[in-house]
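Naming follows writing order (A, B, C and D), and every chain is counted from residue 1.
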Amino acid sequence: MSAIENKSENRSTENAGEGVSEDTRDDKGLGLGVIFFLVAFVVCFLSGTFLFPKLLYSKKEQPFNFDHALHTSEAGDCEACHYYREDGTYSGNPKLASCLDCHSEEPLGETEDEAIFVEEYVVKGKEIPWLVYSRQPDCVFFSHAAHTIKAKMDCVECHGHIGESTVSRPYEENRLTGYSRDIWGKNIFGIKKNSWDRMKMDDCAECHKERTGHQGYCFQCHK
Amino acid sequence: MKQENKKEHKFGMVIDLDKCTGCGSCMVSCMAENNVPFKEDESNKKDSITWMRVYKLTNGKDFPETEVVYMPRPCQHCSGKGGHGHSPCVSVCPATATDYGKDTGIVSQIYTRCFGCRYCMGACPYHARYFNWWDPKWPEGMENYLSPNVSPRMRGVVEKCSFCYHRYQLAREKAYLEEREEIEEMEYQTACTTACPAGAIVFGDLNNPEHEVTKIVKPDDHPDPRNPDVVGKSRNPKVFRLLERLGTNTKVYYLSEREWVRKAGDNYTEGEWETIKNHHGKTQISHG
Amino acid sequence: MDSALIPEGVKRTSFPKFFLGMAVVGAVVLWGLIAVVLIWWKGLNQTNMNDYYGFALWIWADLAVIAVGGGAFFTGLLKYIFKVDELKNIINFAVIIGVICYSSALFILAIDVGQPLRSWFIFWHANVHSMLTEVAFCLSCYFAVLVIEFIPNVLENRQLNKVSFFHHLAHNMHGVMAVFAATGAFLSFFHQGSLGGVAGVMYGRPFAFREGLLIWPWTFFLFTWSAAAFGPCFTLLVTKITEAVTGKKLVSDKTVHLLAKISGWMITTYIIAKIIDTIYWATVTVPASGFTFSHFFSNNAFYGYWILFAEIVLCGVVPGLLLIYKPTRENSNLRLLAIILGVIGVCLNRWVMVLQVMAVPVMSFDTWALYIPSWQEVATTILPVAYGIMFIALAYRYLPVFPQEKELNYPAQPVVEGE
Amino acid sequence: MKVDRRSFLGLGIGAVAGIAVSPVGIKLTDDSSILTQTTKLWPWALDHPPLDGAIVYENSVCSLCPGGCGISVRKIDDRPVKIEGLADYPINDGGACLHGMSGLQYLYDPARIKKPMIKKGDSFEEISWEDAISLVAGKLSDVRKSGSPEKLACITDKEHGSVSGLLQHLLKAFGSPNFYTMPNLESYLETVAQQIHGNGKTLSFDLENSDFVLSFGAGIIEGWGSPVACFKANATRKQRHAKLYQVEARLSNTAANANKWIPAVPGTEADLALAMCAVILNENLFNSAATANMYAGFSKFVSVVQTEYAPAKIAKITGIKEDDIIQIAREFATAKMPVAVFGKGKGDGAQSLKEMAAVHALNCLVGNVNKKGGVFVQDKAQYLEFPAVKMDGIASKGAAKARTGQYIGQMLDAVNASAEPVVEALIVYNANPCYSLHDTRRVKQAMSKIPFVVSISSFLDETAMEADIILPCHTFLERFEDVPSSGGFSKTVVGLTKPVVNPIFDTKNAGDCIIEIGKALDQAVAANFEWENYEDCLQAVTSSIWDSLSEEGYAVVSDTIPSGSPGVDVSFLAQNPATVQAQGDFNLTLIPVDNIRLLSGAIAASAFAIKTVSDTVLTKKETVVEINPLTVKGLKDKDLATLTTPMGSANVRVHLNEGIRPGVIGMVEGLGHTFDNKYVSNKGVNVNDLIGQVLEPGTGLDAAFGIKAKISRA
């Protein structure tokens, strides 16, 4: 490569004078360049932070509004509806049959939501297609019993204060993955303040590491 | 709170080859339990996914001295050299799609993490790992029988026997609900074990002296003086493991009264078997 | 037609002739690409691989191209670190061969995985204990280094070099090339080694398994060493072929002899180590797991002692000796024989360490697993060869690859522009 | 403001840097990582992951084979996902065979018939149930009106059970004696019991207690009898120190698992058994109390056996050494609880009465009859109480006529032999004669000669394809049915099959099909079908055990050792009936091989079961035959060969195997199906295409144990 190196060296010495004049031009250009840099930086950073999540997630409304606060005051704690089956598995969202333990074709209230519930679901005998905020990917096995019974954790630790809510917030679906926004968390940077702000694997591992001394093995949560 | 992983299990099985009839119930039970797909031609056994495969071994003698034995082969759930969890397959996976659960001794396989490099298959001398060469497809409607407890796999990933880990999970769910510390021996049994009409498979926790499998195998937890890589060698002279000498430290043991069967479990140089065959674990236990 | 792009002071063949040649090779590339599309679209069932033979033809090709591409790092190491200045005459070409080999290797890895869209999980979810992770990291990094090493040569294209920015960039990059060469050598040491480690750590496969030093089995060191030894053979062989095709002398005998001599000594020392390794493995490692040496070479239709003899004696000892002995080294026919044997030898070694490993039965009741690749596998394995030819042809035509070309071919003549 | 190159550069770098420090990169990378793991994008995954729900278990009884195992069906909400053996069930106690466990595949089988179908030309067209039933009733009425009600025939799998009972009820009311069953172990046991112990008797074997089982080819772990019960009995042998000796020309799983393999020449089992009788008699090893019971033909039997079946002579015929014959006979006679078992393979193929009687003679001689670990002679299980049939004149006249043939084979032969239709209409239920009987061409020919064939079937199998009308019925997971244990199991247990899932297609219970046909016939017949539906009928006819059936899921009809020593009549053997020879004059003998992983009866093996079949049995689309390396020179393992018998020839692969007698070719049963299920059909050849029927002189049984054959490189 030395031949080329020699050639290059020759040329750079030839052009030495030109280089100086270029430098003087650079100053002005650089100033403008910095402004452009800053503008582009700010615009891109802001759109990446604020516009991007809007594009990434689509908002979906629940079939009708569900008042958790009202239900907990009437029916009792979370387990009244989100109970364990006899075999220890967790029942998840109640089926229509559970609702009918209290509800019937006679509306229990005068809200529009109660009307939808009765007309669309109770009368037609159709299950309510709730959109589950905390639904984990299909490959995940999650034992509620291990957490709330064995480890005596409170529902709030992972689910936050949803039990006190009076309105169902819109369900945000990730357009790419199809999963709920609650998994990554509301904060697009992935920063969490509360234990229930995020539900990703790293969050599980972090808590496990802290409380059991080990982040856990694959099969503990994957199937 | 640091209690979850306090108790270490070491799940394993012993298969009585004298009882095994080669009926194939274990294979089908496994396939039905674990959503194993099937395709039009499954006669090429080198691309046919059977987590549990039943091999047919012969003693190589001429008619009418020929003898045959059937050997069911699930994943051997190797605990690796010295029993430290470095199974041949686990340590080679570049993407951490498989690990060795030190709480159970079970080697996992995470299909969504696997990207199909097949290095683990090359590393496994038991051919216990299978690759999805084709899209798994079920005839119309048949996907209705798929179980939600085991993820169906997609094309291009490796799968293998999990010792029906989901059954362990379900057993634990019940124990949690009933606020029991431990699950009972019979609460967690693999699908092949419960299916075997001959009762040839015994499954349980090799760390629990009360479990039947431990009583039969009598594993010696000290390293084998002849080969320090080997731990958990059986003290039962009728029990052997496949390729034990490689130091894979499998947790699937085999039992046979027939010497030629026990010899077929491993490789021996000429004349070596005679010197090695009576060597069983550190402490010899007299056996009726 | 394209005369403005052709380096100053050298002649190149006419464009139509060049184009025709490229079209022929391009057809082979196209055939390979069709196979690639089939494999990506329909999956690896397009190959004849199976659960016994999970590594197949193209993984061998992958290892082989990386081994023969080892000329790039070793020549770079000698030139920039050990300051063997004579090698400046062949370093450009060595780098080009390296770029071809490593891009091919990465490409093969991309078609080999069952879930290509997840192949980046090797970085995203890396398992640092896996030799393959080490391979992937070092391979990608080293490929980046090779590209950086290649850039100055590209920028020296007659037209590009007119742009003063590129001109300066090329110049400055030359200045720091030693840093990259050192990085490249370091990375190469690891990925060549970890490719050896891939086989050597498989303790479930007694044919591949080797004891070693700390976490590295002996194959780790043998692979690095053999790549350094046989890589230059391949560089010399490709140079020879290019010279034959172009009908020009491109690298001076002095440079060739020097590289051949270094290669010869490397081969000889490597083969001694390999023989020791083989003897130790055959007499200590193998019997410890109950196998006999003959088990690996009998009872099947293909693998016999011949492959061992071919790899170690015919394609190892012989080329080594031919290249260290000055009269045979400087005899162009014998030297050519030696470098051909050497290239075959290292390819055979990679074959044995990948494909024979899969073929040998381990359980006493298992049988040999032999396999014949499908056309898709053959096409995708030939693809890099055709791609390499195109790459070299383009580089040779448009870049000043061989610094000595002018002085060796047009010593007294005035500069004539190519057509 | 002058925008130059540097400004652009600044803009570019700024944009990149802005994006880089924004969460876009990390978020998109993470999402891409998840995306590539989901099933969203790619054709290579399921559209939807299986839905989760509450796990529930429902118990039922498997009726895929006569075994009658209890099953536990695991469901996720309403969706069955797994079938397993039912713990504590008196037959199988938790174990299950591979066919039962693949049961869910039958629900969604591609060959299932989704609606009633009628044949139009060469294909089938869907019709409504109403039309189908009235059409069948119309055709049957025509037969009855013609004055020859006996020209309605019926083929089913077995004689027992209420659906079979309904068919017999229908025939009787209609006026036809032509009820036929496919060959099955239960009927063979009854035939032997009837021959030796008198009418209305049947046999069973106490395998779980016997300390010496001498099996003459009975595939105790090949699916013989009640398969899982046999597996269990065999598995406890090790603890009980009980022995199993297997007489069989090839090393079957049973022979491999046995303590001794006695590879007798196929077709000489009767000779071997009688030679052993000779040894026992010569050496006074028989039980004198037992021989005192032999009221007919005993002395003649003794002299025939001693003169014609001397061990030295039989050694030459059977290929078993004289010393071995004597030794085995002694071991058998001196064992505490010996039992000799007959019924080659699964026991539902061709059998010779001479062979079965000869084997049972061993039991009678050593006297282990109605004793623990021996053979039980008892009355046929009668738990069904059908109301007496009200027959009109036509019915009485027709029913009194002679049957068209003694067994199904002769009936089909009569159809083929006659120019006039001797059978005008045929109902087939739960039987696949076009596949399972020897010489299937003959069976299909007979089917095509019968003007009106009704198939009540869940699957469009070989026989359904020959039918004129198909009434699709529920699979065992969708229906009620009583399942009596059979096939030599020592207890008599009746299980209740219950629907565990709503019918997937527009199908009916077979019992309902029959009742509806009965109701639609003329009043004289219809008067016999007053049940509302099959469930109503089932409850009525099983009223004696219904409480137990509906509460426990099963009823044990008898589980004790029958008392008394039944009389023994050996006059049949005393006549020294001729031994059946294989048809043809080639040098080799082709024998069918029963494999537990395949099914050869009414139901074909499932996709899962086929998947487990070894590559030494099926390779791609070729059946692999077993032959000893000494049998044919020049044939190599895996060679493609042509196998020729007097019935035809087929291309097969060769598996050289030391586990088979030289001169014998073993070919598996259960392959070569031709219906529309690519996972199961068009694989290999049906061995019944290559073997012809050979009637045993005097008994009329198809006793073709094999056929002469030759094989050469293709």
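Here, contacts are C-beta pairs under 8 Å (C-beta built on N, C-alpha and C of every residue); 3 or more make two chains touch, one makes a residue touch a chain.
Keep in mind that this is a model prediction, so the values were computed, not measured.
Averaging each chain's C-alpha atoms to get its centre, pick out the one most distant from chain D.
Chain C.
Which chain wins if you rank chains by how close their C-alpha centre is to the centre of all protein C-alpha atoms?
Given all protein C-alpha atoms shown, the central chain works out to be B.
Counting only Cα atoms for the centres, state how far chain A is from chain B in Å.
Measuring from centre to centre gives 39 Å for this pair.
Measuring centre to centre with CA averages, how many angstrom lie between chain A and chain C?
Taking the average C-alpha coordinate of chain A and of chain C, the gap between them is 46 Å.
Quick one: report the Å distance separating chain B from chain D, using the average Cα coordinate of each chain.
Taking the average C-alpha coordinate of chain B and of chain D, the gap between them is 33 Å.
For chain B, jot down the residues that touch at least 2 other chains.
44, 96, 112-113, 135, 151, 154-156, 170, in rising order.
Could you pull out the residues of chain D that touch at least 2 other chains?
Where chain D meets two or more other chains at a single residue, that happens at 37, 39, 44, 49, 52, 55.
Would you pick out the residues of chain A that each touch at least 2 other chains?
Residues 87, 89, 137-139 of chain A touch two or more partner chains.
Using the touch definition from the top, list the residues of chain C that touch chain B in their complex.
For chain C paired with chain B, touching residues are 43-45, 49-55, 112-116, 118-119, 121-122, 124-127, 129-133, 136, 198, 201-206, 287-292, 295, 357-358, 362-366, 369.
Which of the residues in chain A end up touching chain D in this complex?
26, 28-30, 32-49, 52, 56, 85, 87, 89, 91-92, 137-139, 174, 176-179, 184, 188-190
What residues of chain A sit close enough to touch chain B in their complex?
Within the complex, chain A contacts chain B at residues 84, 86-90, 137-139, 141, 143, 145-146, 149-151, 208, 211-214, 217-220, 222-223.
Using the touch definition from the top, list the residues of chain C that touch chain D in their complex.
43, 115, 117-118, 121, 124
In their shared complex, at which residues does chain B touch chain D?
That would be residues 16, 18-19, 21-25, 27-29, 31-33, 35, 38-45, 48, 50, 54, 56, 58, 61-64, 66-70, 112-113, 135-136, 138-148, 151-152, 154-156, 170, 191, 194-200 of chain B.
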